[in-house]
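After this come two complexes, each holding chain A, first together with chain B and then together with chain C.
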Partner chain A sequence: MLRLAPAAIVLLLLGPVAAGLGGVLLPAFGYLPVLGGDSLSVEPFRRLFELPGLAASVLLSLGTGLAATAIAVSAVLLFVGGSFGTRTFRLMQRFVSPLLSVPHAAAAFALAVLIAPAGLPARLLSPWLTGWTHPPDILVVHDRAGIAMVLGLVAKEIPFLLLMTLAALPQTMARERTELMASLGYGRVLGFAHGVVPVLYRQLRLPVFAVLAYATSNVDVALVLGPTTPAPLAVRIVELHADPDLAMRFVLAAGAVLQLGVTGAALLLWLGIERFAALVLAALAPTGWRASRDAAARLAGSALVALPAGAILLGTAGLALWSVAGPWRFPDALPARVTLGVWMRVMPGLSAALGNALAIGVCASALALLLVVAALENEVRNGHPPGFRGLAALYLPLLVPQVAFLFGFDFLLARAGWDGRFAALLMAHLVFVLPYVYLSLSGPWRSLDPRYARVLASLGRGPGTAFRRLRLPMLARPILTAFAVGFAVSVGLYLPTLVVGAGRWPTVTTEAVALAAGGDRRIVGVTALVQALLPFLGFFVALAVPAWLHRNRRGLRVAR
Partner chain B sequence: MFPRLIACLLAAFVSAAAARAEAPDPSRWQAVLAAARGETVYFHAWGGEPRINDYIAWVGREVAARFGVELVHVKVAETGAVVAKVLTEKAAGRTGNGSVDLVWINGENFAAMKENGLLLSEPWADRLPSYRFVDVAGKPTVARDFGVPVDGLEAPWGMARLVFFYDPGEVPAPPRSAEALAAWIEANPGRFTYPQPPDFMGTTFLKQLLVDLAADPAALARPVGSVDFEAVTAPLWAYLDRITPLLWRQGRAYPRDYGGMRQLLADGETAISFAFNPADASSAIANGELPDTVRSFVFDGGTIGNTHFVAIPFDAGASAGAMVVANFLMSPEAQARKEEAAVWGDPTVLAVDRLPPEDRARFAAVERGPATLPPDALGPVLPEPHPSWVAPLEAEWARRYGVGQ
Partner chain C sequence: MKAGRDAAGLRLEAVRIRLAGRLLLAVDAAVPPGAILTVMGPSGSGKSTLLAFVAGFLDPAFSAEGGVILDGEDVTRLRPERRGIGLLFQDSLLLPHLSVAGNLLLGLPPRIRGRRARRRLAAEALAGIGLAGFAEADPATLSGGQKARVALMRTLLAEPHALALDEPFSGLDAALRGQMRDLVFGEIRRRRLPALLVTHDPADAAAAAGPVIELAAVAEDGAPPL
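Let's look at the complex of A and B:
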């Protein structure tokens, strides 16, 4: 049984992605007999490129995606390099989970509340400082260059990259290496860059690719913060999906293929950036420059990570205030009245959505956890950790843009009459949940000292006992954290839930987006908080249960 | 083992075949009611306004208690996506048990569904018991949706009218024509905008301008292919070229939808806004979303009006239940409740003067709110252009204003 687990995982991940890609590739080249397309042609692409401003959309997706990824990666590396082993570092570790639990759309709204001309800071400073009696007519949110969108993406990807870095650091001998570099007279940041980054980045590479793929193809952040004249490519693909014109199905498929190409191009460009950065580092080394005074760089690193984190937390607090606000005219610093009216009105409608999100999230992450634990246990007992190819399969759903394969997958499900079924939705969620559960659990699982199990074996106990009595209890914390990560991913999924669920399984996220369509900031406040609530509870459980289980096991507590 | 499996498969096949059985006949209403009992109706309707969601939830409670029909409101962001969904099901060869039982619809989406055979094939809506009070003579749009004959394939639900909102403290003399609006925008740059087409409110605003500015408005009633699009729309683009640099954010960004536009009015970023519901400002005031000083106005030459409907797709799994819901939505009781400003404020499709006295009393008691113009102050209703105008209008707008300069 155990030996089947890795194969099952690969099948569950590759199946839907491959089927979905097939489902868009053929129509993209004009072949979809049920809609009257029975010969191959490039007509869909010709019509796609006739859409006004398409080139601008493509460049926007490419540019903002690369910029957001470059900023987020540099910020995380600068921060970890500058503060590894300090109190700031340990403090930030604690904020990572709550930050991760804020869904993308909610984080984007939180940022919008801060930076919009009618946002909270503008209200606080007006009119006494700024002289504004109306919000100034400045294009901040939805700016044409996508700067606001890049900021939103950076704020949301930093916690993810930080979590991945935290997981990778123990396998890099980072402490020993930084100490060695310090003994050679290097400053913290440059020492980290020369001594640790080359080993660390090898492990971070796939997560960085996943960030890049998301940033070049995201829909939810782009809708809230991104430009609209024109919008990034992925947003325009989703708009095509809402077009009642039959012929647009082919153009939609062509758009999905183009998105695949854009993300692929971004990955290639990124490889170039990687090469360039490596060359710069290599060229710096023989100069002997040690940058021993790097307080400014360290401060910049801390600020680059703390500012977005603070913005999300502050903006979320701002949304909480909006959710209970009565009339609130600009430039009043506070609402004229505080009322629970919106909560009372929206919550009854959200209760079913909360239940659905909970059911899908628990089922998907439990199933994913079962498979991942089985695969890891198989690895412990029978050897063979997955090579790069196995990992690539895991990362495939994170690298292929959702808009590129979901519509094709849905079409195949509809043909089979499976769309709208819980099982189909569960399968779609597993595609996205499994990789994250695997990524967050495999590190701790592999780094558990194998000598414990050897001691147990020398006492005459079999591998089953080692699993039950040793690995499960000792790894309770990472297991529950992996579950919480998977749960958060599932709760935050928008497009897959909408498309595959056929509206039969509304979750807090789909309801939040539908309600946000009305644009009322009070409702956005309520839905963003409710959206963040479930993942937050998940992370809370992941912290509280091990703390209680290990209350009299000092060695298993989180080091203070 | 195997015989049982085959029996199972057979049963599944038979039940699938039964689901494909003929749509119920609304003229035999008792049979429809009997068939509807126990059915679950998936009602796909725009979910961006909590007031409307609450009203649909109330309808759900009522039809559950009275007719044993479970109503599930599937909140959608864009009705076009529902049409695309049904289209996908048809392309995938599905004939029954579709995911949509009832859809809130009108205009080009209805035209697309009708044209592609995505609706119940037999007329049903005009055979519902509640239909006899529908004001077909006084409200011709209940039978011609954007000029397309309804043919009983969708049931009228409510009347929409384009109405503008302003704060008299900021706009002492509201502009009562397209020309006056342009002059006002020139005097107050940055204080007006409209949702970005293809959002339906943005497109409606374009259509309003077009009807106002076109040399021969009668051309708009014809399919767009039969007239000179460029010539007819030239005054519209000249007008937009004039106002766009003076719009909110110099026309470099637009609110995504009507809710985003209302938020701008509430924040004081804009000073004039509009909605497709004469009581919208009153409803928003009642909920603290707009200050209670906001009032309404319309263009002297009239504003666009239309009817919105509910329709049943060809592959609906619960068409009897959907008919029961549609019939209840059209009933005097549900229509009067819908017209309350605090509930929704959506005008009725019924001829109130033809109703029995107790139902007339319901409408007489309706509270329409402080910012709602009385029906006789709403001015003439201008007809929607033919639905074929929507796509070229949106495409041309995107080409001119949607991609920057």
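Let's look at the complex of A and C:
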């Protein structure tokens, strides 16, 4: 049984992606006998490119995706280089996981409420500084260049890249290397760039590619913050999905293939950016330039990481304020009255969505956890550490744009009569939950001192005892954390829930994004807050249960 | 279960361990009951590899031939938990989520039944190492010497037929080291257990007062340090 777990995981990851890509590739070239397409043609692409403003959409996806990735990667590297080993660094370590658990859409809402013309900062500065007595009529959210969307993506991707960096740092001998560079007289940032980044970046590459793939093809952040005339490519593909004209399915498929091409092109351009950065670094090295006065760079790194984090926290507070706000006239910093009226009005309608999100999240992360634990236990017992192939399978669903394969996958499900079933939705969620659960648990599982199991065996205890009495209790915290990570990922999934759920399984995330169109800040405040807080519930349980189980055991307390 | 007197003890028969086809070490030795065979050598000489082979944990990267004969029975192909060879490491490796008694009960064979009988035996064992009343203590609150004694008792309660010791005293300070050495070696002799001791400390070898095998460094021809 255990031996089947790794194969089952790879199948669950690759199956939907491969089937989904197949499911759009054929219709994209006109082949879809159910809808009368029985010969290959490029007609769908021709009709796709006839859509108004399509070129602008493509450029927007490409530009905002690359910009968001470049800013997030530079911010993380600048921050880690400038503050590695300092108290700021340790402080940030604590904030990473909660920030990561905030769903993309919730972070986008938080940012929107902050930067909106009627947002808190604008109110605090008005009218004494700005002279505004009414919210200015300027497009900050949904701006045509996509700046707000880039900011939203950056704010969400920084915690992810930071966590990946934290995981990779111990294997790079970062402390020794930074100390060596410092002893040679190099400033922190440049010393880090020369000494650590070349080794570190090799391990960060797949996560960075995943960020780029997401940034060039996201839907939920784009819907909340992105431009609308025209919208980025992924959003327009989703709009095609809503078109009642079934012939548009061919165009939709062509769009999915185009999205694959756009993300692929972005990856190629990114490879060029990587090469250029490596060349600059290589050219700097022989000059012996020490950059020893790098306070400005260090400050910039800290600011680039702290500002988005602070924006999400402040914005969430702003959402909370809006959700209980009575009348709130423009330049007033606080609402005139505080009321629970909106909560009372919205929550009954939201309870079904909350129940769905909870059910899907718990089932998907429990199933993922079971498979991942089985695979890791198999690794311990039978000793087959996964090669590169296993890792690539883990990252594949994160590297292929969701819009590119979800519609094809859903189409095949619909043919099989599975569309909109809970099991189908569960399968779609597993594709995205499994990688994160695996990435979260495999490190702690593998780094448990193998000598414990040897001592147990020398006492005459078999592998079953080692699993039940050694690994399960000693790894209780990482196991529950992995569950919480899976739950947070599932709760935050927008497009898979929308497409595969076929509208029958609305969750807090799909509801929040749908309600955003209505533009009522108070209602958005309630739904976005519920959406942001739900993943916290998982992390609270993950921290509280082991803390209670091991309350009398000092050796298992978290250090510091 | 035990075979004739001449078969008692631990025998390493024509043990040859290779890494990537290259011979790492070759050992032939017999350890009678109550005797301690000391294996010494610089790091990278493969002394821990020999211990892993005897206890059944050899990394698949190595290939080994030869036999481990314990009390006349060839245990080379047995799973580690069926060999009856107790292990002690430099770290006590007490399970942090269990109490001190919980750790000892892990060692006590399931043959001894009844919760109260098992707990009484654990309490007696604790009293025997001067830790009466520590049954419910958190292992993390014990001193280094106390932890080492609990680890030793956990191993002995499992009624091993032989002991394999991997630098068991290196983690202790000089005064404790002598005491712990006396305790472990005393138990080995009292219980007439054959023991394999891997160490780099000549004082350990002298106190063991048994045969010594010196493994040469094999790293000269580019072998990876182990």
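The definition used in the following text is that the second predicted complex is superposed on the first by the 556 of 560 C-alpha atoms of A that agree within 3 Å, B and C clash if a C-alpha of one lies under 4 Å from a C-alpha of the other, contacts with A are read in each partner's own complex, and residues count from 1 in each chain.
Everything that follows uses one rule, which is that a contact is a pair of C-beta atoms (placed from the backbone, for glycine too) under 8 Å apart; a residue touches a chain by one contact, two chains touch by 3 or more.
As the structure is a prediction and not an experimental result, all values here were calculated from the model.
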Overlay on chain A: chain C relative to chain B, clash or fit: fit
Contacts of A:137 with chain B and chain C, given as first, second, both or neither: first
Partner chain in contact with A:236 - chain B first, chain C second, else both or neither: neither
Touched partner set for A:554, first chain B, second chain C, both or neither: second
Larger contact residue set on chain A - chain B or chain C: B
First, second, both or neither for A:177, with chain B first and chain C second: neither
Contacts of A:454 with chain B and chain C, given as first, second, both or neither: second
First (chain B), second (chain C), both or neither touched by A:414: first
First (chain B), second (chain C), both or neither touched by A:521: first
Three-chain overlay, closest Cα atoms of chain B and chain C, distance in Å: 40
Chain A residues contacted in one complex by chain B, in the other by chain C: none
Of all residues in chain B, those that touch chain A in their complex: 42, 44, 46-50, 53-54, 57, 72, 74-78, 80-81, 83-85, 87-89, 91-94, 97, 99-100, 108-109, 112-113, 116, 189-190, 196, 198, 248-250, 252-263, 266-269, 287-289, 291, 391, 395, 398-399, 401-404
Chain C-facing residues of chain A, complex: 383, 449, 451-452, 454-463, 469-470, 473-474, 476, 549-550, 552-556
Chain A-facing residues of chain C, complex: 55-57, 60, 79-87, 89, 91, 93-98, 106-107, 109, 138-141, 151, 154-155, 158, 160, 164
Residues of chain A that touch chain B when the two form their complex: 32, 34-35, 51-53, 56, 117-118, 133-135, 137, 139, 141-144, 223, 227-230, 239, 241-246, 249, 326-330, 337, 339, 341-342, 345-346, 348-349, 410-411, 414-415, 417, 419-420, 502-504, 506, 510-511, 513-523
